[in-house]
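What follows is a pair of complexes built around subunit A, which joins subunit B in one and subunit C in the other.
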Partner chain A sequence: MEFDALLLSRLQFAFTIGFHIIFPAFTIGLASFLAVLEGLWLKTKKPVYRNLYLFWVKIFALSFGMGVVSGVVMSYQLGTNWSVFSAQVGSVIGPLFAYEVLTAFFLEASFLGIMLFGWKRVGPKLHFFATCMVAIGTLMSAFWILAANSWMQTPHGFAFANDGTMVATDFVQVIFNPSMPIRFVHMVLAAYLTTAMVVAGASAFTLLTKKAVAESGTALRMGVLMMAIVAPLQIAAGHESGKVAHEYQPAKVAAMEGWWETRTQQPTLLFGWPDEQAETTHAAIGIPGMGSWFVAGDVNAELEGLKAFPKEDRPPVWLTFWAFRIMVAMGLAMVALGVWGAVVWALKRIDRATLYHRALVLAAPSGFVAVLAGWISAEVGRQPYVVYGVLRTVDAVSPVAAGAVATSLLFFIIVYAIVFSAGALYILRLMAKGPETEERAPEDASEPPGSPLATGVASASAKEG
Partner chain B sequence: MKPPTIEGPPEPGDPKRPLGESLLWFAALWVGGLVAVAAVAYALRALIV
Partner chain C sequence: MFGVELSMIWAVLIALAVFLYVALDGFDLGVGILFPFAKDSRERDHMQAAIAPVWDGNETWLVLGGGGLFAAFPKAYAALMPALYMPITLMLLALIFRGVAFEFRHHGRKTGKKWWTVAFSGGSIAAAASQGLVLGGFIQGVNVVDGGFVGGPLDWLTPFSLLVAASLVAGYALLGAAWLVFKTEGELFERARSWVKRLAILSALGMAGVSLATLSVDPRVTERWGITMTSIDWPTFAALAPLPIVAGALVFLLWRDADLRRHSQPYLYSVALFLVGYVGLAVSLWPYIVPFQMTPAEAAAADNALALMLWGAIPMLPVILGYTAYVYWLFRAKVTDEAAYH
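Coming up: the complex of A and B.
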């Protein structure tokens, strides 16, 4: 493997987008969570919703800021490291990025001021309107970014101009390209699930440490409800996304599944070690026919393996294969936690299910891991193209020296390690502290925290004990 | 005591602001946010153009 400008530019983009994506993946869901909390507070006037809002809005503001900072770096790289890509496809996807800034980013960023500093000044209803605008802005932002990225996966509605650059012939087809609708759904559900896991994990932690019991119990229920509903939906959305990917990017799906031979009854591999030199997957353990059934709805369907594609058109297999498995494993773990949560809730034990709370704390980052693994399998699986089937990655890189890219990559690693570690640690400290509450602190260790709910929980525990 | 940076909702005893004043604050904060974003965007643009 040669560390040339191409590989270093890819590593740099992967590094910066890897940091960036975790923030929007969190804030998209968190903005909607805040809108729901404020709506519930407006309707019921229960202080628990206000306290939760004021707690999570701080974390939202920090995450939003870090998302903006890390996003700016990425747009610069399109010019510095991927200038040929920008020149070739700028007329097609440049407007999508512009729409994202004009319609989504400005919406969320400008209403954020009211959200943070204006509750007393503008009053509850106008403040709720601002929170909703921020939530809608985050969703619109996801829409435009997914439109641009999906166009790179399944390019439609464009033609080549006389100078060889691509121009849009139909912007509706560019935006609503074949993979865009289901990838947008998949990403938004991933964001909601990521937020649900963090909210449930943080609330479980504060319940374990007996802080803000009423607030933590409410947020835990909201997180578990979201998990129980969204995790199965996400599995279904991922399945549909896989079917679209197979239709338009069969080599990517073959790499995700570790299929080398074209055959009927393609298996679903639970484990394996893909070997690109030997063109096989070692130690494969799979369920025969399940792959064909998942993708084509028929166990006897004949599906292409990687050998059906010229070597120069195949994506890196090992990374795509394992990233996909990690994403699916995280998804299944979230479904299991959702079911577990629903069961303990139905048994009225959700506030004192210590083992479940510990599992939730452990699983709090699972949404981020799933988003990153999913992103890697989608983007590495798109290789060796930057615009699938149209523009190869090797032909899209800037004519820059490897040393220059290595220097900027090193700089990014150092700066990101300092800035984002500090930000992430501060957020973790806030989460560990828990929401402000009207609960009276216990005067001795045997006394429960003072909310009616907490007292009820403690009494129930005492009776059972 | 220093008021919190992130503002909470009006307390039950707080006098209600007139609608016109609330709307003015709403517009001022929104425009303020917009101007802040635009200023940062143009400053960044000036760095590279």
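Coming up: the complex of A and C.
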């Protein structure tokens, strides 16, 4: 494979957006979690909610900051690396990005200042309002970005203008394109689950180390409750999303499932090794008919395999197939952990279920893995198109030199590795310490949540040289 | 709509967003640029506290600038971004470092804090400089054929773009120093005052240098101002002469009010100085959105896209400006000594 500007640009986009997506996936859920915690604190005045809020807001501040800076990159990369795409579709999905900035980014960024630094400066109700605005902002942002991304999967409501660029004929159809509603639901549930897994995992860890038992026990229950309700819902949402994908992107579904032949009783493969050269899936172990039943509701439904599509219209199969399997495996594990949690909760043993706590610690990153794997299977499955069926990825790239893209990719990798390692270190350090029973509110802007004084870390006196 | 071309309305709105970005993020980048000149770690904590609650909102104007250019003028976005690939990428990387440093600086222990202090400062300087390179590369024009960039990867790197970069670093530092005059007291206030005085002179020299150099980037600019290095066409120049005169007066007022220990005027005069420079630039480049290649009408998205966005912007921009102003008002107090940690 030749490392030309196209391949390098694809790698760079995949790398930067893959890095970016894990932060919104976490902060969408965390912002809502914080709004719930603060609402409970205002209503019940139980210090446990206040302590939990002040603890998780520190982790939110760190994650949100990384999400912001990696997100700014995205708004420029469409132009630097995908200028032909930008010029082609700007009139159709450009307004969606504009609406995202106008309705979400400013809302989040402005009220974040009050959320992080205003605890002592504004009244409790206004502070709660600020938290809610940030939470709403994250959801609005998800709405617009999923609308734009879903339009690239299932483009509707557009036509070609005289100059060859695309124009919208109906913006309602552009925004609410066929896959948008279910993909938005699927993404928001994924974000909520990701947060639930992290909250439950971190709380289980502090329970195992016998720290802040009241706070950790409460947060654990909230995480488990979310998991038990949302994980099964997510399976159903994913199933619906798969049906829509099959209707509009059958080649993608065939790649996800590892189907080559068009036949009735398509199987659901548990394992297999797709081989694009031989046009088959080696060592396939599956349940016959289950695939047809899942997708079409009938074991005898005849569904298209990859051979029904010309080779140049097929997505990379191996990656789509395996990413999909990893996502589903994570989802099933979350359902199982939710059920397990409900059982120990019902038996009143949830605070002492050591084995369950260990399993939760292990599963803490499962949401991130599922989000990344799901995103890979959705976006790789969209190939070889950038706008499905309309614009090929190969025709969308900028006229830039391969050397320039290679250089920028190298620097993105280095910078993200540094920033990610440091951010992960600081977040894990906070999580290992756990919430305080006397969590202090930050006094002023010079003392952001998580600063040494606010967290009471002994290194407060540490000065740079 | 309203008897004006939609593309012109959007050109004005995006120009406004970019100016707000410069006036707002300019001061928080400037504070980072001034980090190496602070006395000690505690003073740096004060400096960062003066911008911490608002920097994220400030940077959002940059996203509106980039996203707005993509949405309203996709052809300009597609022509400019590949041409300015390297300085844009450098800017993004620099903004990552300084953005995370706000939080990371407080989480790092001894070496960590030292490292993120350097990252915050270095990132701020690099972000300002690369924005200068982008601006310089933009003003001197890009090589476009049939709407696509056809130049080389280093076309933006010229003595002119380097001059703009150096001037913009000085200008942002001026905004930062003036903001610190507004937000601090005591020893740091005195130090910031002396920074303002020196940076006012430096920024004035930078602006003058860039202005003169801009006259030579394209004959159309020379013609508009009526000035070359060796001749002045007085009737043409007289109409535009108020701009440099006002700029000179602002530099004087800025210097004097810093000298008189005034608190809020230096920042306002600095923003006014940037505004004059911005208007001067608009005069030079009018009517191009990609200098000397594309007008807003040629680069614009379809009318229905522009109209849809306008229906969003008309109610949302006043709301955004409203709550932004509220957050600024909420955090208007001086950064006090007891608030910083010891």
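In this text, the second predicted complex is superposed on the first by the 437 of 465 C-alpha atoms of A that agree within 3 Å, B and C clash if a C-alpha of one lies under 4 Å from a C-alpha of the other, contacts with A are read in each partner's own complex, and residues count from 1 in each chain.
One rule holds in what follows: a residue touches a chain if its C-beta (ideal position, glycine included) is under 8 Å from a C-beta of that chain, and two chains touch if they have at least 3 such contacts.
Since the structure is predicted, the reported quantities are computational estimates derived from the model, not experimental observations.
Give one word, clash or fit, describing how subunit B and subunit C relate on subunit A after superposing.
Because the two structures are overlaid on the shared chain, the partners are seen to clash.
Which of the two partners, first being subunit B and second being subunit C, lies in contact with A:Arg121: first, second, both, or neither?
The answer is both, since A:Arg121 touches subunit B and subunit C.
Look at A:Pro232 in the shared chain and tell me whether it touches subunit B only, subunit C only, both, or neither; answer first, second, both or neither.
Neither: A:Pro232 stays clear of subunit B and subunit C.
Counting only touches as set out at the top, which of subunit B and subunit C does A:Gly157 meet: first, second, both, neither?
Touch status of A:Gly157: no partner.
Check the residue A:Pro384 against both partner chains and state whether it touches subunit B (first), subunit C (second), both, or neither.
In the superposition, A:Pro384 touches no partner, neither subunit B nor subunit C.
A:Val419 in the overlay: touching subunit B, subunit C, both, or neither? Say first, second, both or neither.
In the superposition, A:Val419 touches subunit C alone.
Does the superposition put A:Pro365 against subunit B (first), subunit C (second), both, or neither?
neither
Can A:Val92 be said to touch subunit B (first), subunit C (second), both, or neither?
A:Val92: touches subunit C, not subunit B.
In the superposed arrangement, which partner chain does A:Phe105 touch: subunit B (first), subunit C (second), both, or neither?
Both partners.
For A:Val57 in the superposed arrangement: first (subunit B), second (subunit C), both or neither?
In the superposition, A:Val57 touches subunit B alone.
Mind telling me which of the two, subunit B or subunit C, contacts the most residues of subunit A?
C
In the superposed arrangement, what residues of subunit A touch both subunit B and subunit C?
Common to the two interfaces on subunit A: residues 61, 72, 76, 79, 101, 105-106, 109-114, 116-118, 121-122.
What part of subunit A is in contact with subunit B in the complex they form?
Within the complex, subunit A contacts subunit B at residues 41, 50, 54, 57-58, 61, 72, 76, 79, 101, 105-106, 109-114, 116-124, 126-127, 130.
If we count contacts the way the header does, which residues on subunit B are in touch with subunit A in the complex?
That would be residues 5-10, 14, 16-17, 22-23, 25-26, 29-34, 36-37, 41, 44, 48 of subunit B.
What part of subunit A is in contact with subunit C in the complex they form?
On the subunit A side, the touching residues are 61-62, 65-66, 68-73, 75-76, 78-81, 83-84, 86-92, 94-95, 97-103, 105-107, 109-114, 116-118, 121-122, 161, 165, 167-168, 171, 398-401, 403-405, 407-408, 411-412, 415-416, 419, 422-423, 426, 429-430, 443-448, 450-453, 459-465.
Across the complex, what residues on subunit C touch subunit A?
Result: residues 40-42, 44-46, 48-50, 52-54, 56-57, 59-60, 62-64, 66-75, 77-82, 84-86, 88-89, 92-93, 95-97, 99-100, 102-104, 106-110, 112-114, 116-117, 147-150, 152-153, 301-302, 304-305, 308-309, 312-313, 316-317, 320, 323-324, 327, 330-331, 335-336, 339-342 of subunit C touch subunit A.
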